[in-house]
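Consider the two complexes below, in which chain A is the common component and chain B and chain C are the respective partners.
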Partner chain A sequence: MSDPILKVEDLRVYFYTYAGVVKAVDGVSFEVYNKEVFGLIGETGCGKTVTSRAITRLIPDPGRIESGRALFRINSRWVDLLKLPEDELRKIRGSMITYVFQDPTSALDPLYTAGYQIVETILAHNKTHPREAWSKAIETLRRVLIPEPEIRARSYPHELSGGMKQRVVAGASIVNEPRLLVADEPTTNVDVTIQAQMIELLSQLKNLKGMSIILVTHNMGLIAEMADRVAVMYAGKIVEIADVNTIFEEPLHPYTQGLINCVPDPTKELKELYPIAGTVPDLINPPSGCRFWPRCSRAMDICKREAPPGINVSEGHRVECWLYAGSGL
Partner chain B sequence: MSEPLLSIRNLKKYFPVRRFLLAKDYVKAVDGVSFDIYEGEMFGVVGESGCGKTTLGRTVLLLTPPTAGEIYYRGEDVLKYDNKKMIEFRRKTQIVFQDPYSSLDPRQTIFDVIIEGPRYHGIDVGDPEEFVISLLRKVGLEEYHLYRYPHEFSGGQKQRIAIARALAMNPEFVVFDEPTSALDVSVQASILNMIKQLQKELGLTGMFISHDLAVVKFMSQRIGVMYVGKIVEIGDSDELFKEQLHPYTRALFSSIPIPNPQKTRLRKKIIIRGEPPSPIHLPKGCRFYPRCPYAMPICKVEEPDLIEINANRHVACWLYR
Partner chain C sequence: MIQLAGLGRYLVRRAITFIPTIIGITLLTFTIAFYTPADPARAWAGGQKARPEVVEQVRKMYHLDEPFWTQYYFFMRHILSGSIYSPVTHNNIIVEWMQGFIVTANIAVLATFFTIILGIPLGIIAALRKDTAIDNAVRLLALIGYSTPSFWIAYIFVWIFYDVLRWITLVGVPIPSRIITGLFVIDAIILGEFNILDAIVSRLLLPSFILAFISFGGLARYVRNTMLDVLSSDYILYAHARGLPPFRVWKHALKNSLIPVVTVILFMFAGLLSGAIITETVFQLPGIGYKYVLAINNFDIPSIILYTLMTGLFIVITSLLVDILYAIIDPRIRL
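Here is the complex of A and B:
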């Protein structure tokens, strides 16, 4: 494995709502390596989007980043994105770190052509002649597999299909050759055949440009297909991190095991599925101790009292669960 | 296998859309679909967004009148039913929708939600409270839920309520339209187990609609694959997963990510280019030909019919003529 380009340490993001403080992300640490796809998986509301947005402080009110560091490597220097002045951070966002969100429609301005929106992204971060930027925009549209890019560059968003819009957004996000691309549910609500095109595209971009990708999704199939390493989130915490094969074949955390077991595998003949008992906890009053204990079949006394520490069970495999206390490296 | 409970022949449902002032176009949401569903089986319908699955489910149950085609229930022409028979058909056939949030009236208690149908149809249920409680138990809810309101339930629980409401009518045939698409996988698993269990226990016949191939495979004995308004292939669920005949089915099945890193990466994928055509402006000939890697000259001019390959497989593709 190569060097990390991003080190997130003890990140906490709380939302101060009328009903109480939502501890959406509560002490999350992970690293993203050069040229890897880092998968962030978990069920609705577990904090994937908030985590991935907090890296560049894209947290809306009433949210606040409570603590933590997000160290990003620029050349050989580490900068803490959570402390950087806003104008410097803005230079990084959109050039070195870019985002693709789930809904391509809201990411595009209906008043401007697809080509113009990419040109705008180029000009915001580079001193380029507009004409040169235009040809670069067309080149980018070609790269994201838009047919007849010269014509399509002059189309407005409403003239493009959903899949096409998604590719324009992908184009805008890579045109400045970012080091880190955050793709948040890039294929949710997208058809399987279009999803296959997106997967192919993202893999090509990764190889071509040598960038890293944080892939945020609740789709286990997509993670199996694309991720190199995987972090499993539950109720605002990362409960397990390991390489993708370990996560699927030898998961240690009871939640990860449950998650793997309840997803139907179409290549198997299944008589029944194995749901996880209980429901996701309320993040205003999360359970004491391990947040998973009320649903965990192997919970012990200590689980109810104390939050488990992160235990490095082997190189690159970390799990937050009392079952493995003492079996660390 | 037994007699078909439900048969449809060349079923069509077009929605008019106005263009400019006078000219009228049609969304051909369901465009000539035929199949049989046998007593006691779950027939899966899979296809991508907008291909017409929901419209098909609703048209089959006559919740919306078909534009053309025939529907037979136990061999009788449903479109010729008199009033009395029609009311009986409405009771015997039920639908469970995708969205558990909008399908329940927020002002009704769970008791009211479930008892409404049987009351309307004058079904003798004995003691209504006991009747509803027994249904709640069947779908994994409790007696103390009886007088609560929908907003007090999670998405998964709401879907259980919607299923209980359908079962209250003692139906023979139930359409499940993506009943778990809005739910998390851990919740989905228990709902799917439950539907499967109930189907066996009550001898239900049904149609299970989903865009998720793994879910459809888990739930159904036979599967119909839909592409822009048409069923392009029908086959036994396990066999269809082993071998697909139609080029679209093949591409679809080869590109679903499998939750197993080794298997999913080693698989040979067929990635088809482009996107499905608009159901308003369909290509002449086979509707898949613009994206089909095997297209031949005839595919551009003439539409292939769904033909029988063997008792367990039907396919609409010129490659098999």
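Here is the complex of A and C:
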């Protein structure tokens, strides 16, 4: 289990807007291991999507990756994706590292059919005859549980329901058998039965093909069900990282504790019953010191002055909080 | 994609909506003419010095002594059947219109051509080099084009190329010996009449270029903004996320930019087909714009109605074309 395929180190992504510099991701480090599901959780706007996309430099204007490394293992060699020339990175995107985008409706080009967009993804990375690619696309649509895939492949995005589009995007993300799949809210647009089937599918793929998954979500229930390890994000930082049992049974960070305590029903989304008083901080002028202090019931003086260091409280369990200073390994 | 049966039904439906539009346009024009405090019969009979019996005769001929609706009906029936003669020039006004139209259409095609070959590449470059000196230069060009009065730039060009350099002529319109496509330049090339081609170019190039000068900057800005919109869309980012090679990403970007840009060009072209009043007047080109002004000056009511009607028709037809185009390119649109 513990051999990493991706090591992200001190990643910073800023957006240079007219209002000011949005420090969307501000010093994030984590590892993703082979064949694991790595959960990334946190409330809206905390930087989950930006973090997961920055790994392959999918950051649009006015965003810039300020610093950091994203080391990806290819044949026991480590390459820094943040420094790779564009054409080499292109060959990794969509084949070795793939994405299920958060909003499938805007991710699919409205002017091309679902099948076309999957075929395109196949042909970008394989020397296949287009006809062969088309049957592979249909096969893939069948695998992501699309009924009548032959017909659906010829449908335009607007002719498909939200859940169907999500599955098309999921299809495009698995068709080239990636080693790392980034699933950004893969179940928000689908109903509960499909959601269960999608989870089943992802687990199958993980076991069958031996791929790793970065699962980005608000949904604690999904994390509980699927993730092996979890990173909790708050205002552009990872405040706690641990295996899934530890996160649910012994959360250390006050923010994580807030998240866990407020989950009576793990299938409910976090957004709806958000329990911690206060709002997400402004990422242009974040609070000094620990970014959580204005909402933290246990805040101390030092929290307002200095950002807490990352403390490794036990093997694989790291927390950024002054409460645990000195109790590290 | 559109089904042909759907298209047929759509065309019929749209054609029916043409009728009230056309009636509205002509009625409005006629109403203004009707209530203008001047006596058309007297004007057509020769003005202040016209003999009263001639004035009366003209009044009878054009039913000007009858009530509003009878007059309107008379004009419309004869305009639509092509059997009305200008009370001023005594030519069939449809024939006159067509003579003007072919000149205007030639200028419009050339002007649109220049606008496109200047505007689209500049727009794409500006989008790719957003917020750089090139982008700002395009912005400045657009501003200059927008805000330069066309009579001013036309007179400057006439002064340079006619008065000083003597490169151009300002009388008549040279036409090839036969009309094949209707575009003089192309017809002259097909017929191999290169001296006529030369004359055509030196007669039509400058006015066309002036019209293009006024609008290419605007088109470039429009292309730029459309491109930037498309390039910043999620589906382009997702195309990158799927590792598509650059030319495939471009295919997505261009196809999505195409519809709005073609729409703007078509409407621009329709506007040009209605005649460039100022440019045609300065260059003494007997196109629709030039004739329109003459008709107004002469209070030539039938011509005024016809010209307004044709302008309206072009705009209506253009929006129809745009709708059909959308339906062909964009699968979301059903006719």
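Note that in this section the second predicted complex is superposed on the first by the 316 of 329 C-alpha atoms of A that agree within 3 Å, B and C clash if a C-alpha of one lies under 4 Å from a C-alpha of the other, contacts with A are read in each partner's own complex, and residues count from 1 in each chain.
Everything that follows uses one rule, which is that a contact is a pair of C-beta atoms (placed from the backbone, for glycine too) under 8 Å apart; a residue touches a chain by one contact, two chains touch by 3 or more.
Only a predicted model underlies this, so the values are computations on that prediction, with no experimental measurement involved.
Enquirer: With everything superposed onto chain A, say whether chain B and chain C fit together or clash.
Expert: Because the two structures are overlaid on the shared chain, the partners are seen to fit without clashing.
Enquirer: After lining up the shared chain so the two structures overlap, which partner does A:Ile199 touch, if you call chain B first and chain C second: first, second, both or neither?
Expert: first
Enquirer: Using the superposition on chain A described above, determine whether A:Thr56 touches chain B (first), chain C (second), both, or neither.
Expert: second
Enquirer: In the superposed arrangement, which partner chain does A:Ser106 touch: chain B (first), chain C (second), both, or neither?
Expert: Second partner only, chain C.
Enquirer: Looking at the overlay, does A:Ser297 come into contact with chain B only (first), chain C only (second), both, or neither?
Expert: neither
Enquirer: Could you say whether A:Ser76 touches chain B, chain C, both of them, or neither, answering first, second, both or neither?
Expert: neither
Enquirer: Is it chain B or chain C that touches the larger share of residues in chain A?
Expert: B
Enquirer: Give me the angle at the C-alpha centre of chain A between the C-alpha centres of chain B and chain C, rounded to the nearest 10 degrees.
Expert: For this superposed arrangement the angle is about 80 degrees.
Enquirer: Examine A:Glu43 and indicate which partner it touches, taking first as chain B and second as chain C; both and neither are also allowed.
Expert: The first partner, chain B, only.
Enquirer: One more residue to check, A:Glu120. First (chain B), second (chain C), both or neither?
Expert: So A:Glu120 only meets chain C here.
Enquirer: How many Å separate the nearest C-alpha atoms of chain B and chain C in the overlaid structures?
Expert: Across the overlay, chain B reaches chain C at a minimum of 10 Å between C-alpha atoms.
Enquirer: On chain A, what residues does chain B touch that chain C touches as well?
Expert: In chain A, nothing is touched by chain B and also by chain C.
Enquirer: Which residues of chain A touch chain B in the complex?
Expert: It comes out as residues 43-44, 147, 161, 163-164, 189, 191-197, 199-200, 218-225, 244-245, 248, 258-260, 262-267, 269-270, 272-276, 279-280.
Enquirer: Quick one: which bits of chain C touch chain A in the complex? Just the residue numbers, please.
Expert: Residue positions touching the partner: 130, 232-235, 237-245, 248, 252, 255-256, 329-332.
Enquirer: For the complex, give me every residue of chain B touching chain A.
Expert: Listed in rising order, the residues are 48-49, 154, 156, 184-190, 192-193, 196, 211, 213-215, 217-218, 238, 241, 251-252, 255-265, 269, 271-276.
Enquirer: Quick check on the complex: what are the chain A residues that touch chain C?
Expert: 53, 56, 58, 60-61, 90-95, 98-99, 101, 103, 106-112, 117, 120-121, 124-125, 156, 158-159, 169, 172
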